[in-house]
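Multiple structures are listed underneath, in structure tokens.
Look for subunit A in each of the two complexes below; its partner is subunit B in the first and subunit C in the second.
Coming up: the complex of A and B.
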């Protein structure tokens, strides 16, 4: 179910889980569009030479995934802020799952706060954060 | 009584959770804890008063601190104003021995947290600095642990004969209560919590699979 107005939103509601495309091909497309040509995002071997576990999904791409997830749930939402804390690298070609849950609602203003978590297949949190989202009031 | 002994609110620089939302979440999701302890980074939060909130939700909300030493991060329970005058809580290079000595002198209890974690956990520094004197309790369940971090903490606790506590290390609302600590008696204040920890009768709990 997608969200149309603030009346559809419940405290504790879980957003549909979103598995982002973190393939090297997709990250290369993003890096090209963003004019980020550093090999740490597009070349596993070059990234390892820098001491990284592999090519990294750019932080702003992860944030883009988070915003995309919110819009899948509430297409009319105005995502005002995505505030993330990166606890561990998000590595290209590894599988991740993004979960979101509503943790604050102001029905009068339509403002909603969402907890966001990026976990890997082992269930380890790589990124967490919150989003402030404006949902139509009616 | 079950308390989550390690959590952060927006008072911490990397905390994103508002305390009322923690309370709302615990009740809405029926998280099996009776309260939580706010362990804000590098400070003690003297100004916040959560007593009305605690009463409204029927929860125990206590305050403590998480400070930083050469052995990594350390929770300090039972912080008093006098203790905060003995060392600089904002210093990220505190000597652990100083923290332990000052805490004990002021009735507080120091507990190295996420000790199995690289850089910020105690086990990562044992080779360089040796086993510290005066540690009695460490955190053996941390809700933010990755990989084998909790196992490293538990092994270290077993080897050194440390007691273990659990805490979620929540920074966002939905992480609260993932790990906690059970005490046989009711605890209503930071001083009682410190006393209960000193008494040594408690059990670390891991709720990550159930909530």
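Coming up: the complex of A and C.
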């Protein structure tokens, strides 16, 4: 179910899980749009030479995944603030899952707080964050 | 081995002074491709023909200042890692609008764990439109792990 107004939102509600596209092809498209051209984001071998486990999904892309997930749940939501902590690398071409839970609701203003987490297939947290979101009041 | 940084002295000297200013604009193509790559479905972010077309809300974090640190900031041993990003949106950012980003060091703080002290440096870019109205800010946190001098 998608969210139209604040009345549709429940405290503790879990957002539908979002599995983002972390393919090398997609990360290259993102890096071009963001003007972030480092080979650590677009070339596995170059990244490994830097001591990394492989090419990295830029942190700003992980942050973008979080906002996209919110808009998939609530298409008219206005994402006002996203605070993101990069705990461990997100590696290109590996699978990740983004979960979110509503932790605060102000029905009068339409303001909602959502905790968001990016985990890998092993269930390890790679990125987490909090978003402040404005939902239409009616 | 590095000397422990005098964080209070760094805070007193470097916080809250703009050390970089740059002008830029975002193109419709970049805004749309950024949104699509992130998995956005809302057409106000993906379709330049949507009457409410605007930059995806986290896009300000991709704008980098010309200078990474204030002039005179000490060189710090160790590998700096990107610890996080935060973004606050005040107004939609439309394509082709001339924007100004003013960056200051917003915070310096420490956390201590079993492996030693970590120092976090937070740079904030305040972004204004051509009318001087603030449209967003974007924070970049860099962390450096210190080791005490032997």
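Methods note: the second predicted complex is superposed on the first by the 138 of 138 C-alpha atoms of A that agree within 3 Å, B and C clash if a C-alpha of one lies under 4 Å from a C-alpha of the other, contacts with A are read in each partner's own complex, and residues count from 1 in each chain.
Note that in this section a contact is a pair of C-beta atoms (placed from the backbone, for glycine too) under 8 Å apart; a residue touches a chain by one contact, two chains touch by 3 or more.
These numbers come from a predicted model, not from an experiment.
In the superposition on chain A, A:104 contacts subunit B only, with no contact to subunit C. When the two complexes are overlaid on their common chain A, residue A:41 makes contact with neither subunit B nor subunit C. In the superposed pair of complexes, A:96 makes contact with neither subunit B nor subunit C. With both complexes superposed, C is the one of subunit B and subunit C in contact with more subunit A residues. Using the contact criterion defined above for the overlaid structures, shared-chain residue A:85 touches subunit B and also reaches subunit C. In the superposition on chain A, A:122 makes contact with subunit B only, while subunit C stays out of contact range. Contact with subunit C, but none with subunit B, is seen for A:32 once the two complexes are overlaid on the shared chain. Contacts of A:73 after superposition: neither subunit B nor subunit C is touched. Taken together, the two structures place residues 83, 85, 129 of subunit A in contact with subunit B in one case and with subunit C in the other. Put simply, subunit A touches subunit C in their complex at residues 18, 20-21, 26-27, 29-30, 32-36, 59-61, 63-69, 71-72, 75, 78-86, 129.
Partner subunit A is touched in their complex by these residues of subunit B: 14, 16-18, 21, 24-25, 28-29, 144, 146-147, 171-175. Within the complex, the subunit A residues that touch subunit B are 11-12, 83, 85, 87-88, 101, 103-104, 113, 115-117, 122, 124-125, 128-130.
Those residues of subunit C lying in contact with subunit A across their complex are 29-31, 33-42, 45, 56-59, 61-62, 81-89.
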